[in-house]
Amino acid sequence: MPVMTYREAVTEALTIEMNRDETVVIMGEDVAGGAGGSSGVRDNQSGIWGTYPQFHAKYGENRFIDTPISEAAIVAAAAGAALTGLRPIAEIMFADFMGYCLDQIQNQAAKFRYMFGGTAETPMVVRTAYGAGLSAAAQHSQCMYSQITHIPGIKVAVPSKPADAKGLMLTAIRDNDPVIFFEHKALMAATGEVPEGDEGIPFGEAAMYREGDDCTVVAIGRMVHFAETAIDSLAGEGITCDLVDPRTTSPLDEETILESVEHTGRLVVVDESNPRCSVASDIAGIVASKAFSALKAPIEIITSAHSPVPFSPVLEQAYLPSVDEITAAIRKTQD
Amino acid sequence: MADMTAVAMPKWGLEMTEGTVVKVHVAVGDEVTKGQTIMDIETEKIANEFEAEASGVIKKIIVNEGDTKVIGELLAIIGPADASDADVDEFEGSYVSVAVGRVEATSTAAPAAAPAPAAPAASSAPASDDGSVKASPPAKRLARKLGVDIAQVTGTGRGGRISADDVQAFADAGGAAPAAEEAPAAAPAPAAGGEVRATPGAKRLAKELGIDLATVAGSGRGGRISKEDVEAAAAGGGGAGSYGSTPVTAEAAPAAPAQVIPGDNAVTVETMNNMRKTIAKRLTESKQNVPHFYLTVDVEIDNLLARRAKYNKANGTKASVNDFIIRAAGLALKAVPKANVQFHGDELHYFENADISIAVAIDGGLITPIVRAANLKSVAQIADEVKDLAARARENKLKLDEIQGGSFSISNLGMFGIKHFDAVINPPQGAILAVGAGEERLVAKNGAAAVATVMTVTMSCDHRAIDGALGAEFLASFKELLEEPLALVI
Amino acid sequence: MQLSREQLLQAYERMKTIREFEDRLHEEIPKGLIPGFTHLYSGQEAIAVGVCENLTDADAITSTHRGHGHCIAKGVEVKPMMAEIYGRATGCCNGKGGSMHIADLSKGMLGANGIVGGGPPLATGAAIAFRNRGKGEVAVALAGDGSCNSGPVFEAMNMAVVMNLPVIFMFENNGYSEQTAPAYAVGGGKTTMTRRAEGFGMPATSGDGTDFFEVYEKTREAVERARNGGGPSALEFSCLRFFGHFEGDPQRYRADGEVEDARENLDCLKNFRAKVTEAALLEDADMDAIDAKVATLIDEAVEEAIAAPFPEPEAVTQDVYIDY
């Protein structure tokens, strides 16, 4: 199976769908770049994360659109275009900028189908880069998927691996509901095996990246990698874990999480979000209410600190969850 | 009874639940007109005048000044002067308030709590659906995918729980069923007790098709039956497959699998893209609805060719014969303005200037950008414009106002050696000119044989807008301009 | 225009300090000790300094992600700034904010802002506070051409007009917003922001952002107007940034030679020097002395920043709120 980076996997999915269906369009700030520049050269770096190589040349300005810096208008335009026959993929450069377009996500795109009595479809994708670890500081490092998961009418994908990035992106574009697609900026260069072909990964189906008997670890996004390291380090102590990666937080594969907790009796949730009203607290709540009798130890919840993301690398490290924290939490459930 | 109007407490604004009648301005027997203020009503926030909804006579006043009533409650009745008391009482008795109240936090009034908001994947019962196979859902999914009967796999997890690795190992050791028959091999039997797990859509479809759900194998989690499973069962076999296991053809996606028709002649089926579909639709509409008729003339173009050579040399331009044709058509439309027309149902629209559409062949189709006011532009300007429009047409960079409109089209197939053809009009334009190749032909001049370079042009006219004589007049002017081309370059 | 010798020297020193600070960062960043993103201001100094020379510590400015120049022009100390950019505990934000969030409220610098268009509404708010205090203080929003299409910016401008607030919107058109030129992204052609601002009902003017004197004088009029209760104004000044949008930007959108040409012909420091020496206001020697002084300052700032300690991990959860 081919091995490629997360960013290449995303590119592959985008390419497949842009080739397949001319109603798929991409719009965002500097997706090509260079518009109006004195060199006349378009495509400065294939998009801020390099996920659109040659897209401008291949797909032209009507389908690959550099926009002004106007997040609200970008997302609203995507929603309007989706209602009227296009399948737009709007890029919001950093998830932190969702403040500018939250109304358009929450009050417009999320609600059209419902408010219009099932007569509308909004097949749009908003892809955005999230996460801390690169010293991008407070306004360029947030997760934001917890707030968005809360919204009825929106689907949320948070792939952790290149194969998931490709498969979920294919599904996101083909899905007729609005999808917000969160890609961790520190995972862009991560490599992994990615199946060939154009098979999408369904939403609402978790992946189980480790299977074991002693503890269930549910991790989101980049935290899946942290959890893998933690879990693998415990094998020598004879502790084996299920590692559940929900892959989509909305819809959420509760069935897999609950079956796993039924089996192991213990739960550690790892989420890079801030602690209050996070996906972590949501999952913990679901398990506590639906599988209480299966639990043999209190649920351990690991999140980032309740603070903005600090700039200085030392502080940012302390802010984020760590592998050691996860290992310690798993051990604690075994007491 | 039909003439009676209920005067009920109005709902003003989002929050109002009740109002107090502060003053009543009318008495029983008064005649009121629609819009007349009949009461003053106050709420917590608003004090306002309440107007009569209809004209008539106040037949009854049910409220006293100072009373507080809930929105929708009856306050008075307006009716015809001759309505009897019995009529009024009947109306009052049968009056039902239609005001929609607020959602209050009362447990009796509230409908049953909405079902758990989780997505289709939610299950409130622990996940071991049928109780017999202890395996994680991802393991079950993998088993289905690989065609493994999960009941046969030995689980290495505690309590015999089957992991994905266990399934993979079993499959690798040759335990998979031969064909990827997903339905029977992998799906656990429907839950004991005869209750079939199926989506509402599946149930509806099964009922429609007369299929017994118990005979359908579900490919969803826990053997749950989806619509696709029912469709597959109806089609008589082949697993429906879980979402995404076959290339998805989303409604908008044009790609379809290639079909091979038995026989020796292989067929490639190409689904039309939007441009082709549009072209097909418009051309069909045109041919079906527009009464076409055709006028043909031959034009001798030796003078034109000579003029063109001189012009290009003098100006350093590379104007083509077609650029001259465009200018000639523009001037001819100015000279015969009734031919410069668009057909619009009951109206004919005549234009000041000649906006001429030029047919440009592009990848996979045809597009007609417009040279605006061709009558006002020099040949050189037209040449530049056409070059730019054609280039941008091929790059898909034309703007909407460059392809919408125009009253006349020119289609030139001369470069392909076509001698003569009849073009299809682009509605709402009145006409289109089909230009053939210029070729040396034998012609008769003053009774003797001669050779001339001759080009055949055919004008298709919409008979509703242009009749034969008018079309002929246009062509005569056009031909003259081309055969005596000085006017084209001045 | 009244500028004393001291003011001219200060203007030059501030512009030179910005230039040295930014050019030096450009050299230091590839070495890997500076975390995160940095956005450099070289080429735009005349705008920051031309504006801030009209302001006192009591006046406020808001800024963009490209805020080092604004900070220095407003009088923020260079050494704590450098330490902040290096993420050290001695930084002016204790290492919490970094390059994009650098601030010093004691100097009226309300912070660099990582959100495009985030500044102008804040400035409008400061202007409300100033209006209420009635001491003639003003707020200046320094914003880029990239913010010209941001809804909240227009909301801020309208609010400033209808409330007659002492706020000035200075749009720095530095040629590009990220990788896209205003010719593409800002509808209406040149000096669009001036005309948009006029459309909102405030006086607006434009000028050459490489000419300190023009910036200074036109800002002076706007500041005077605001101080005297005459309400908001807008200014639109053009220049060209010498570096990329961020350090590491391949800048393929710039024609060959564009930056060299800008450093030669659009250098506000060169322009300033030429003008003041020609008009015999200052001498080369005066400015050379400043050059030397600034070079030393920047050297020291870098050295001290590199040697400074990092913050302690406990600091992560400090200053989230006032009490904890």
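Per-chain numbering from 1; labels A, B and C assigned in written order.
The criterion applied here is as follows: contacts are C-beta pairs under 8 Å (C-beta built on N, C-alpha and C of every residue); 3 or more make two chains touch, one makes a residue touch a chain.
As the structure is a computational prediction, the values presented were derived from the model and not from experiment.
Think of each touching pair as a link: the shortest run of links from chain A to chain C has 1 of them.
Every chain gets a centre from its CA atoms, and the centre nearest the mean of all protein CA atoms is that of A. The distance from the centre of chain A to the centre of chain C, each centre being the mean of the chain's C-alpha atoms, comes to 35 Å.
Centre-to-centre separation between chain A and chain B, using Cα means, comes to 32 Å. Chain B and chain C have Cα centroids separated by 49 Å. Shared contact sites, meaning residues of chain B that touch two or more other chains, are absent. Across the complex, chain C is touched by residues 29-30, 33-45, 66-70, 72-73, 96-97, 99-100, 134-140, 305-308, 310-315, 317-319 of chain A. If you check the complex, the residues on chain A that touch chain B are 20-23, 60-62, 85, 87, 123, 152, 167, 170-171, 174, 176, 198-208, 211-213, 242, 250-256, 258-260, 262-263, 286, 290-291, 294.
Across the complex, chain B meets chain A through its residues 117-124, 126-128, 134, 136-139, 141, 157-159, 161, 163-165, 221-222, 242-245, 247-248, 250, 252-255, 273-274, 395-397. Contacts from chain C toward chain A in the complex involve residues 35-37, 84, 87-89, 91, 93, 95-101, 113-117, 146-152, 176-186, 249-256, 258, 310-317, 320.
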